[in-house]
Amino acid sequence: MEYTILILILPLLSFLLLGLAGKIMPHKVAGTIGTLTLVAVTALSYYAAIEYFAAGRDASGVFAETMPYNFHWLPLGDTLCIDMGILISPISAMMLIVISTVSLMVHIYSLGYMEGERGFQRYYAFLSLFTFSMLGLVVATNIFQMYVFWELVGVSSYLLIGFYYTKPAAIAASKKAFIVTRFADLFFLIGILIYGYYTGTYSFTPQTDVLATAGAVLPTALLLMFIGGAGKSAMFPLHIWLPDAMEGPTPVSALIHAATMVVAGVYLVARMFPLFIGYAPEVLHIIAYVGAFTALYAAIVACVQTDIKRVLAFSTISQIAFMMVALGVCTSADPHEGGLGYMASMFHLFTHAMFKGLLFLGAGSIIHAVHSNEKSHMGGLRKYMPVTHITFLIACLAIAGIPPFSGFFSKDEILVACYNFSTPMGVFMSIVAAMTAFYMFRLYYLIFWGKSHYEEQLALYERGACDHEPHKPHESPARMTIPLIILAAITCVAGFIPFGEFISSNGRAYTIHIDKGVATASIILAAAGIALATIMYMKGESRITAKINQVLRTPIKAAYHRFYMDEVWMFITKKIIFKGISAPIAWFDRHIVDGSLDLLAKTAQKAGALIRPMQSGNVQTYSIWFLAGVLLISAILFFL
Amino acid sequence: MDINLIIFASLAFVMIVAALFAVTSSRIMRATTELLFVLFGTAGLYFMLHYTFLGAAQITVYAGGIVVMFIFVVLLIGKGSVDVTQTSLRRYLAGTAVALTGMVAAIYLINTTDFQAVNFTGDGVEMKELGMTLMGTGKYDFILPFEVMSVLLLACTVGAIMIARKK
Amino acid sequence: MNIPAEYLLILSAVLFFIGVFGFFTRRNLVSLLISTEMMLNAVDINFAVFNAYCHPGHLEGYIFSLFGIGVAAAETAVAIAIIINVYRNFHSIHIKRLKNLKY
Amino acid sequence: MNILVLFVIIPLLMLPALWGCRNINQTRAVMATGSVLLLALSVYLTIDFIAQRNAGETAAMLYTASVTWFAPLNICFSVGVDGISVAMLLLSSIIVFTGTFASWRIKPMTKEFFLWYTLLSLGVYGFFISTDLFTMFMFYETALIPMYLLIGVWGSGRKEYSAMKLTLMLMGGSAFLLMGILGIYFGSGATTMNINEIAAMDNIPANLQYIFFPMTFIGFGVLGALFPFHTWSPDGHACAPTSVSMLHAGVLMKLGGYGCFRVAIYLLPQAADELSWIFIILTTISVVYGALSAISQTDLKYINAYSSVSHCGLVLFAILMLNKTACTGAILQMLSHGLMTALFFALIGMIYGRTHTRDIRQLRGLMKIMPFLAVGYVIAGLANLGLPGFSGFIAEMTVFAGAFGIDDPFHRTVTIIACTSIVITAVYILRVVGRILYGEPENEEHKKLSDATWDERFTVICLIVCIAALGIAPMWVSNLINDGVGNILGNLLASH
């Protein structure tokens, strides 16, 4: 499978070409280069995945991991070394498919969405860079390579969020995203260092005999790595960057902040899963609790946001938390005995990437049409944008967990895994799932149903109350709708993929079977959520909605402000670190450290000034001192 | 009482008084004249020691040459500018104290030191012997310092002309 | 002659320190030069006295005195040349005016 | 003839050649020729050195030669290089080369500027090739003195104050250093000044080592911006002209780290082992403290100077770990920091040359006005905060992995504290990038400014290529350094 190297090299070349020569390129050429590269990458990824799975299982009934490339990149001491290479395993093959598919869709979509934007070539260059780094991350042969690409992913996310670099909000958001994830990466790095020191290797599969002694510190290392993952995957309380990251272009949000990069944390935990399950099951449970809390928190916040991208952002946080929970509730490596969550998590990752990508691209299409992110500027769009409407609805149904759309299957597996772990966890996650259905349909109704903002404005204009004719919403061009349709199609059928055949916690084949009880319950709950949303929002904001808003004013306000988590972080960074630590240190340096040196210099100067008059140049004075000195010395010599 | 002692005492008295006037007089011309007395007194001492040539040289070079130069410069510069103001009291006291202490110390040392002086013979120095010593090249002879002296005098003459020359 | 050597030496010491005192306290270049001459003179006396009393057979002290007189003449010549030059530049030979070397 | 001597001879020949130049073009021609020759020489040296090593040459130092200079004190002009010096020579020639182009248009007194500049580089080259304590010290001083004039005459702002402060502090360091060197010389029996021979004898009594290790380490440490002796750095860098900042932060500060390693650690291993904890604490403070101070600064050069304090602190920190990986990381960090900070200072100088301000509150939206410089700045920033693919990453990772290899609570704690600097670095870098490059230009005057000229582009591109080359293919340089590090730590590890 030597050709897999091309999967990495092609986007890198595309990045270099577009980055260096982009300025002299017409937009069309740049877009074409970027997109064609991605077509090739996608084809190669599918080919690699198919070839890999088609090769079949080995004697022990698992898909053998292959490493077509692995070379020493940077030696860290006599035994440790950072290697660079390509590792194809079931999950990395699956990730290749996810990333290349979504990325290709985004590339095509952006041809329309970003048309005529200043910096179009730069945009495609960054997309290529991101694709390169994300692919490098998933095919990493060792934890350090993963970290290397992890950082690259972070920086491409930074560059893309800050794409509109003249917008202050985008600048702040990109900075925030980078610094928050960087902060989390610090723990990741320390985790890696501990891991490397005690196991003597950075590879994912250390020697068993080493693990026997290193086992005691592994939980610490793995917990620290999880914190790194939590940063990238926006787990509470490190989630604050993700909603702000929506300042970037919408296709970027679809690619990076919905489908691929944010699941890197999940992928990391999945990668290290054998170690987690073998040596640190208690850390897995911590992950489960953190995930469950995040899922609930994000779902509540998503229910009251008015910016449609923010709703999607919180929904992403919540869904990723589902995947984390699924991994966290695993109690054994055997999918039949408590290891189901692993498969469920990966399955959900796969389906979520597709339908969340679709949602974001749909949202992009809407924003493209109405030139606003705010729900108040939307409403009644279904007749203006039929394709967007239908695909968006499909995605909403999928995320809400309605069969036969893909989300139902993966979420069902997660819920089953949760019930297997403990009933409270199952119930808790089911409620969050119902909330998912509610807020997604709230969003759906607010956008596509209710009173049309356009029509209201038009009426105002015709009555003369408004001086400019409102912009009529229109369906997006084919370059944008085709990716929507493709993703919608995948969303419809992905649920029927026998996912367990390819990926499971111990690598052996596992046949998915729907647990009827859990499935029924979750469908009912989802339907209830949808029904509630229908009542409240189908005809605009009904009286019931107003009443509820009135009664729950304070909690809604708190939820709208994301329970003031951003303010807490702001307080820590601005007030404590910036004003409380950094500024005093700078002052201390200038005035105390430097001041004491200056004082030394001043003292020397003063002392000089003090004895300078003695060098008066007056020979008489000199001679008086001279004679006095002679007498003194004589006296000393004489009396001693 | 020895006549020599009387002569010495009167010479010493004149010299010390003249010296004191020389360094305290507020008028430069007077100070110069007092200096002349000191120099003559010194010549007298040389004669008492039977160093007649030395005494003669003292009178001609010092009293005759140097003092004339002093007078010359004083007159050249003019009376108005040769204004001998005394220094500040502090320095005056300091100078007095240091000079007095030094003098006391020196006299004390002279009194307590045994110079192993032999009896004064009163033999003068013959001019021939002096000439031989100055021009001789042997041990205890002074041809080289003599020549160096002459060069020094030449250099000083040239130097003095150079410095004082009007540009 | 039966004057003890100490008398002569004390006389020269007194002259010397009177010269020193003058050197310390005078503020005029010519006066300073006078004090200096006085000190030189005192030293010459010492040379002569030591020669006469301690080493009657030799001539070192004698000749040193002689040289001293010569050097004094040379030195005075140069010093007076300098004084004249100073006067020409500063229109004064008061040492308070000569501050260019200070500090 | 020994190839290393050329490193001293070429600048020496450049001095009279510059002296004789009659106009600016001749001066530039001499400088360009000289710095290209030196660069070519160091590249050749690197290739030849690696070839010799690959051919199985195992001597600790290659190209050694020695000429007795002053026999009574055993002073020799002896040269020789190992992997570390080769790497440092390469770094120096790159910085000197790019610095020449960065000061292509310096005014006034171009000729005199380049004279001092060449003298400075002469000192630097001489320092890295010397293996004799005295000659090393002499070249060290040769490198320091021109700094005073270069800052005091061609600088900006409070230049006299800064130049004086810088020179006095570094001279103070030299005083300690001289004592340390003499202590080493006499402690080892006063038979030789050659570093390798002293190390081979390894006979300095322990009590003397305890006295002279701190002296030597502080002496070099002052130049390596060791807390609390770092305050010359912000003022000095802020006032220095561009290429001097580049050379100073890029190469001169490395003299400190190199000297600590080559002299203090190599010759006084026992004391280094016993006393390292004191200096580890100081360097840890440097690392975090420099980074935190940088957050609050508003002058671009101050930000970068404090960042240098932090990064150079990491160099000394790694050296003091006394372990092979960390020390390799320290040398890598020197290379990396040298290139990055040179790039930074070059860019800041170019921006300052146009806007006449370095205050980040007055700069805005430069990305629109001077895209080339702005992109260069972003790249420099990303390299500085340790992005993989640039040199900063490999250096930091090697340092941290090495430091983590020592299994005791003290070293673990300080390593983790030092690690936090990578987050703080990100904060101040992104703060500046966000503030001055992004956004809409506010100052009307600034909107008229032009982008980089050809010589500026050349400087920036050269440095970026070097940083990326080191960051993408670190293996060869890591191996190159590793070889020298092993030898130097051999003494120390043997005593364990």
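By written order: A, B, C and D. Residues from 1 in each chain.
Keep this in mind: contacts are C-beta pairs under 8 Å (C-beta built on N, C-alpha and C of every residue); 3 or more make two chains touch, one makes a residue touch a chain.
Everything quoted here is computed from the prediction, not taken from an experiment.
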item	value
Higher-contact pair (C-beta pairs counted), A-D versus A-C	A-D
Centroid-based (C-alpha) most distant chain relative to subunit D	B
CA centroid of subunit A to CA centroid of subunit D, Å	37
Centre-to-centre distance between subunit D and subunit B (centres being mean Cα positions), rounded to whole Å	70
Between subunit C and subunit A, distance of the C-alpha-averaged centres to the nearest whole Å	97
Whole-Å separation of chain centres (CA-atom averages), subunit A against subunit B	103
Sites on subunit B at which at least two other chains make contact	87, 91, 94-95, 98-99, 102
Residues of subunit A engaged with two or more neighbouring chains	620, 624, 627
Junction residues of subunit C, two or more chains touched	20, 24-25
Full enumeration of touching chain pairs	A-B, A-C, A-D, B-C
Residues of subunit A defined as touching subunit C within the complex	612, 615-618, 620, 623-624, 627
Subunit A contact footprint on subunit D (complex, rising order)	165, 168-169, 227-228, 230-231, 235, 289, 292-293, 295-297, 324-325, 365, 367-368, 382, 385-389, 393-394, 397-398, 400-402, 404-405, 407, 415-416, 419-420, 422-423, 426-427, 430-431, 434, 437-440, 474-475, 478-479, 482
Subunit A-touching residues of subunit C, taken from the complex the two chains share	20, 23-25, 32, 95, 99, 101-103
Residues on subunit B engaged by subunit A in the complex (per definition of touch)	87, 91, 94-95, 98-99, 101-102, 105
Subunit D contact footprint on subunit A (complex, rising order)	72-78, 80, 82, 144, 148-149, 151-152, 155, 158, 162, 165-166, 168, 171-172, 174-175, 178-179, 182-183, 186, 189-190, 193-194, 196-197, 577-578, 581-583, 585-586, 589, 593-594, 597, 601
